[in-house]
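The next block holds one structure in the form of structure tokens; read it before the comments.
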């Protein structure tokens, strides 16, 4: 037997109560796993925002269009490396419930602007060759079982094509993968020149510009310079960093982050009370045994460490198990069936989870451990 | 024959409080007083008690309940401190040690035997015996060896893996004794060791304790109210009004 | 029968009297139950509040007309001719002689939110005079209505609450145009309260929309006239439209949000419920264990084993009920009426709503707690009943 063995032996008492306590810890950390994944899903855009990327949109709202002529003018502003246009196509694939983000873009420029989108050179060449070509992210391709060479019809809602009807037909020439886990692989990208040529109205106008700047530290300066350029035009602009834009978008969805954190706090508090109670009861029941340990020669400090060690062992094993199972379940994918674009266990929250496990072990055992430490040996023995 | 756990020499016990050869005195209590608070009152349990404990003695402390015998035992064990006076064991003033040091001292020098055995119910017999050894800087193998020796001495090797609830009262007390001797302590203190056992089983325990004293030279102080048990000792003292005397109160 | 019931009653009361002896585990159970119920009610109140806003907005006797295939107003375009043709359809109510037909323009503008200071989208709706007849619930509560032909707007109360710079008397700078905020309106808590309204005729040139609108809202003669109205429009070869009742439209809009919240709420609720069951089991097993001797004595005295079982369950239910009520009331105090806003995916703009903790939700919370208490008490109750009486008495 070792000191650790002595700690573990305490668990042989009241196996059922121990099991139930352990299970509630497991459940708490399962919940933790889901909640942090949900929180991350809602934070998505903010974290992947490129530090050197900014967005230039119409000052009134992103819904308003900007002239295509702005591209060259923006690129002339000092500090700007490149500008590329994007628009919101807003079409429907088969059913309005199938939400797909579609953007007409300039292929070369766009891929250079977003290097985290990985496309093989052959597929990129194919896209440049094919006017009606489109590429999609891996997630969407998998979801709808699309393969290279498929013809994808998209129903337009606003952007009717010339020649009547509402259907735009694209040829799938490539599937891109994301460099990171958080990279958005749900985009449907097709060619701006095809869009410009084929739409019934709105020629010479696009949605907004994505730009790359040389020095992220000077983002505010560059933004000001760009907006100043167009301040007196019919379409004034507002330039902000990609991160700021994503954050304001996330804020519009709602303060999900705060809600999740509040729930996590409540859960942690509850589990602390439950486990703390179990530990306290254990100590109360073992008064006499603790007296024996002290009589035999264990110091007060050693008894404290023993009880604390038990609670840490319980929290560690059960909490660790809960996190592990949580990780497994979360990696099964989005439980809302498609509403959340990304769904995974953020590694940084794993650190948080481990910290919570340790905190649980420490705080649930602290008071009972202090109580055990302070027991007078003589009284404790007599209570047997 | 049983293996000796130590190489201590035997010594003949002597009776009485008379002055004896200093080097053979194991414990010395002088002017020891102990008070307890019961509610608002202070109760004086020990009143200026003196005691010389000789090495190799088997001392029986007798007295009615509430007379303070257990209190005295607790003082000798370093489980409690006197309100006044000095307690010296093996040359060490244990009444002056800090709580932590006292715990350490106890681990090394004292073996305790209780009336209700006080075994940890979740540990097997062998693990219960091993408990005090966890406080010593011994390797796993060394601990195992000492446990085996102790278990053999109390003749319970075949029950080593059993839990306390699977053992009879007598067997449990044997485990208690094995635990008390496994560290080869300076002093063994027993509080009513046969109090919960029937006559026959109790006799077996007393035989064991006598053997520990006579054959292995262990110094034992036993508190008991049973004259039959006390008769096994080499010296008997009575607790009367918080002091020790060789005679019982008439 | 009566004796059996009175046995249960006596035993349950006896059990409950022992609760103060176990403050720790009872507290743990109460905290667990209250927490579960509070969180569940809190999360679902978001969905309830959101749906209510949507539901209040819709009336079954108002019809929406959008472009065929359009999913929402943003994606829809209808011309002035379309509006004229729609106005000629049967089944439309009339107000002061004219058909109550409201063609509407829908754009979105960015305004800083009060809470974050960053921009969020507010709907700006261009309307014609008939709009006020069609949207009966809209009432001006501050200032005055805008004058037709002027750059003036009225702002919904909820929008005012969420955004900066929308109070009566302030000026909105939209691109190169200035708009005066001349009044505020309410709409019984419905969606229009999150919007800003202006004259469509002034908005169209400002946004270069020519003479197009995005939707046409129509007040029907009665809820029953819908079919007649719809059939006439779909049969017309000059029109390519989608016709819905207003209630259907908003139900569709809130479906995404509802699904999301309910599915997340269920996951959270189930996991927390599971945890609460474990907590309850711990409490009840402890309860039974500490009272082994009393239970055995009662059985020896002649109390039947089923009253014992039921009294233990009764005790568990009592604790669960108390915890559930505490949690529900706590949630009600904390959440009910809490104003917030979220993204309406169809209009890409903010829709303001309030968390809503109504009686059905409170009842759901307490019932859930009771269910958990039942499960948590069942197994310990059975154990209590199966105690070997003789052994227990000897302990």
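Going in written order, the chains are labelled A, B and C, and every chain counts its residues from 1.
Throughout what follows, a residue touches a chain if its C-beta (ideal position, glycine included) is under 8 Å from a C-beta of that chain, and two chains touch if they have at least 3 such contacts.
Quick caveat, the model's predicted, so the values are computed rather than measured.
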item: Top chain pair, ranked by how many C-beta pairs fall in contact; value: A-C
item: Chain at the geometric heart of the assembly (C-alpha centres); value: A
item: Whole-Å gap separating subunit A and subunit C, where each centre is the average of the chain's CA atoms; value: 25
item: For subunit A paired with subunit B, centre-to-centre distance based on mean C-alpha positions, whole Å; value: 65
item: Rounded Å distance, subunit B centre to subunit C centre (Cα mean); value: 73
item: Parts of subunit A lying in touch with subunit B, wherever the complex brings them together; value: 1-3, 5-6, 9-10, 12-13, 288-289, 291-302, 377-378, 381, 384
item: Footprint of subunit A on subunit C - complex, ascending; value: 24-25, 27-28, 31-32, 35-36, 38-39, 42-43, 46, 67, 69-71, 74-77, 107-110, 113, 115-116, 118-121, 174-176, 207, 256, 259-260, 263-264, 267-268, 271-272, 274-275, 278-279, 281-282, 285-286, 289, 340-343, 348, 350
item: Touching residues on subunit A, where the partner in the complex is subunit C; value: 14, 16-17, 20-21, 23-24, 27-28, 30-31, 34-35, 38, 58-64, 90, 92, 96, 155, 157-158, 166, 234-236, 238, 244, 247-248, 251-255, 259, 263, 266-267, 269-271, 273-274, 276-278, 280-281, 335-337, 339-340
item: Footprint of subunit A on subunit B - complex, ascending; value: 74, 77, 79-80, 99-100, 103-108, 110, 112, 114, 116, 118-123, 127, 130-132, 134-135, 140, 179
